[in-house]
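Below are the structure tokens for one structure; questions will follow.
Each chain carries a letter (A, B, C and D) given by its place in the written order, and its residues are counted from 1.
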Amino acid sequence: MELYEELSTDIRFIEGLNSCMNCGICTAICPAAEFYDYDPRLIATIVHSKDEKRIEELLKSDVIWYCGECMSCKTRCPRGNTVGLIIMALRSLSQELGYFTESEKGRQQLAIKRVIGENIVYKGYCVLPENLVPEMHPEQGPVGEWIFQNKKEVYKRVGANYNGDGTGALRKIPQESLDEIYRIFEITGGFDRLDKIEHFSKIKAESMGFTEGRDDYSDYISHIFTTNNGKHNRQ
Amino acid sequence: MKDFGYTIIKQRTIDYDQFDGRLLNEILEMEPSFKTCLSCGGCTATCSAADLVSFNVRRMNLLLRRGETIELESEIKKCMLCGKCQLVCPRGINLRNVIMLIKKSILKYKPVNS
Amino acid sequence: MKQEGKIKVWQDYQKEIADDHYFYVRSCIRQNFFPGSEQTFLKILRSELHKDIYENPHHTSCSGIGYHSDIVPFGTIQTIVARQFALMTEAGYQNIAVSCITSFGIYNEIIETWKEFPAELDKTREYLKRSTGRTFEIPQNVAHASDIVYKFRQQIAELGHNRLINHKTGKPLKIVEHIGCHYSKMFPSKGIGGAEFPHVLAGMIEAWGGEVIDYPERRHCCGFGFRQYLIMSNRGYSISNSRKKFESMEPYQPDAIVSNCPGCPMFLDRWQYVIEEMEGKTYGQNGQGIPVMTYEEMAGLVLGYDPWDMGMQMHQTNVEPLLDKMGIQYNPDLKYAGKDGKTIGSPVMVGCGG
Amino acid sequence: MSASIRVIRYNPCNQEKKKMKHIVIIGGGIAGMETASALTDAGHWVTVIEKEAQIGGKLNQWSYLFPDFMPADQIKSALQEKYHERDFSILHQSEVRSLHRHNGQFNIETSDEQQLKADAIVVATGYELFDARRKEEYGYKIYDHVITSADLEQLLLPDGDLTVAAGKEPKRIAFVHCVGSRDEKSGNHYCSKVCCITGVKQAIELKKRLPEAEIYCFYMDLRMYGKHFEELYREAQEKYDIQFIRGRLSEASEKIDKSLLIKAEDTLSGRPLKMNVDLLVLLIGMEAGKGTSAAAATCGIGCEESGFLKTADAFLKSNFSQQEGIFLAGSCTAPMSINDTILHARSAAMEVDHWLKSRCDNEKM
């Protein structure tokens, strides 16, 4: 199937793209356009052009990964477009086809999959206190570090039910509920997405020479987590 | 300072309040026809240099009007001064003269630390 | 600035908020950073307002952070959300009270999608049935937890011991409100006051005696951007966006920032510390940072709750300047104590300007 | 009702007029007044129903007209003069409450409980200005120094006070094109046609008053469709240094000193742009408005999706509604400039006259 056609099967794409008059209102308000070489208006123009070559270039580029999905563009567009939703469709397709590994920002999907994706399936949460390792999150500061090192006591102090049974913040999600989430991922194509991210990332990791630790590609993950070629913005 | 693994990014936004209009004003005074640019792109479409290198004559007006002196300097170097742009301009702007004037004056207004 | 103009906008965007009997769904991010806020919300509803709010241990993440960092497909998140609705339906509830703004945005997005594309609803019902055997009803009322606090803001003001007033000068505290992007930017009619001049937090501040600070970048995103924070090398985006907000609010000398989003108050809090580290710059008074709070913490302070019970010690930027201005009594020695005063050590260096 | 306004009451007993065909015109703006004069000249008996105390409609809001800065008063005086020279009636502060067809005639009841019989109706209910408060992100009626083009028009009169905060003259002024036009969020997909040239005209007038000020127009397309419009645009660039930035304004916000921070994309550079301005002028578009939709309902004629009245066709029958005997004139059918409105009104008069005469001929046969 042609890429444009493929995109057109995505509800977000149908919702997100009507027609664009290149007024630039989206770019004017976009937090990403301010700090990245990113122009949401051009995203709309390129996909609207149905130019397969340019769409393929987009899918393989850093550009589609700059958006923060804040959806400020939706509030303002005088034609009712939402570039944020178009981006979501582009990112889905980029991962579907393995194109995401062609760009520095796209490759980061593996790290997100490993943390957020696996948390959702196996813990029932997107983020957990255990993830806030000070070395990976220096901005959490001394207080963050103190919380991390005294997780049980701090969460107990403020009334959370950390890893406990029953209700409350940070409670342990019952296994039968996690089983349901697992089946949802199986049936709805959630695992297909996660597996594709793993599959294409492995190929890329190999081709980039990250052959150490093939079981989990931790070197590759640490590389994609910290690398910034400095070419994403005007400095 | 602690290494956070990232830095604060400079804004890409054109901050009009920081605009240095000295070069622009000088050019407009010497070649007032340049004020009437419509941004139609006729000049770029016919440009001899644009056939060979990435060069956009139309953007010259914008670079001047946004005070992008450094970029402007590197852009005008690409012009071959053939004057075709002037022939197609619907507003009859003497673009060749504009470029000559920029070449002459740009050094005066270039930011010192560039 | 003309208040009448804003009042007109607020009148144009009023939404229905259920009066009682809520099914509560928690937020992944908030329970990490502000677990005490969720606790405070439940306490206010149950003990102060005597409302019925039910929490089911089987509900999970809505997977929204995964969806907005694009590793969770739309079909999957629709089904996970449908499962939450099924738990609500099974428990006999029709009103959902959502702690998280990302979830709130997703619930609205999905419900609107189902209206516009009924085939998606049918598909989701089938997915849910096949994977869990469950069926569900769409909630009759979807409210963000801040909507509910907004609804009862006058009652809270009447029950309260404290006001958002500088007890020494008698002047209202100047408070900046920050609304999570997904609260109303996608669906302005789903937010109190719409997308441009949301009233949800402004209404609380006014009702509790404070003065709302309207600064130029008030609508700008805090910069979380999902993948833009989750990956370390992207965080320049996050901090730069927050910094833009601080620079814009600085001339107004705000006494505090309040937010209704899960991530924003944490980012607005932590980035002040990082900016101080990186640039030596602080945005508050006397070289301090600007205290940041959640709306539940703000309500709790008004009601006279202990700040450490609510978890305000988990903030990086010191909250004491705000507590002192409000004339709130607190025990500094117990700030970093564990339960029942247990000593568990304290952070090595504290806070922005601390 | 103000005593100074001449009111001619409808008098069905007037023997002379009984012999004539009677045409009721709904709306005493430019279109209504011009149609009334032309039909009176053609030998018909005309009554205009006008909801306001004065004639002229929206013309009363403008001070100087594009493209030649003619004072709006001159057009109004011309309309008034025509009225004084001719014998037609105006029912002021009156609106059509109901309209029924009976034996080939229309029975009309007005809000002040008058009964009229008419042989033909001309709807000339005009337009309303877009309520800029609906573009909340521009902060009209919230921020002190955001005004509309209609507000500015009053300030452009010789005694208009153009000062902003602390009595200072604005140093930088921006115009926003397409406010309430070409905008799904405002519910208006169409172009209001006249705002582009209005912006250029007002920018020049401001520059004349405030020669030190920098003036910017934020536009998407400059639709200089009329005679001398493009020339005026060029003059604005060449002679008055008005700058045109291609990009739609995303938002305005008020700073602590009451100046405004505005944001757009400089689409020709492909970069976001922000600037501080002392005064922001919103070029508000036209909407069919309540008067026109009420006329559509009482007359049983259709509206376009835009809310403007549907014409029988766009080329040869632009003065015909879908109902026989009910004609349309002016900006109730589409956004229209004053000169186009005058022409449309005259053609409406011609069509009505022609239709009445052919009907008379038919009756005789």
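Throughout what follows, a contact is a pair of C-beta atoms (placed from the backbone, for glycine too) under 8 Å apart; a residue touches a chain by one contact, two chains touch by 3 or more.
Here the structure is a predicted model, which means the values were calculated and not measured.
Listing every chain that touches chain B and chain C alike gives A, D.
Chain pair with the larger contact count among A-D and B-D is A-D, by C-beta pairs in contact. Each chain gets one centre point, the mean of its Cα atoms, and the points for chain A and chain D are 50 Å apart. Chain A and chain B, compared by their mean Cα positions, are separated by 38 Å. Taking each chain's centre as the mean of its C-alpha atoms, chain A lies 22 Å from chain C. Of all residues in chain A, those that touch two or more other chains are 33-36, 75, 138-139, 226, 228, 233.
Under the contact definition stated at the top, the residues of chain B that touch 2 or more other chains are 2, 4-6, 9, 11-13. Contact with two or more other chains is made by residues 137, 246, 251, 266, 271-273 of chain D.
Because contacts link each chain to all the remaining chains, their graph is best described as complete.
The part of chain B that touches chain C in the complex is made up of residues 1-2, 4-9, 11. Touching chain D in their complex are the following residues of chain B: 12-17, 28, 32, 35-37, 39, 58-59, 62, 65-66, 91. Remark: chain C residues 26, 28-32, 35-36, 38-39, 55-61, 63-66, 68-76, 78-80, 83, 105, 113, 116-117, 120, 127-128, 130-132, 181-182, 185-186, 188, 195-196, 219-221, 223-228, 230-237, 239-241, 244, 270-271, 273-274, 308-311, 313-316, 336-339, 342, 344-351 touch chain A in the complex.
Interface residues of chain C facing chain D in the complex, by the touch rule stated above, are 1-2, 4-6, 8-9, 194-197, 214-219, 251-252. Interface residues of chain A, counted against chain B in their complex, comprise 33-37, 138-139, 226, 228, 233-235.
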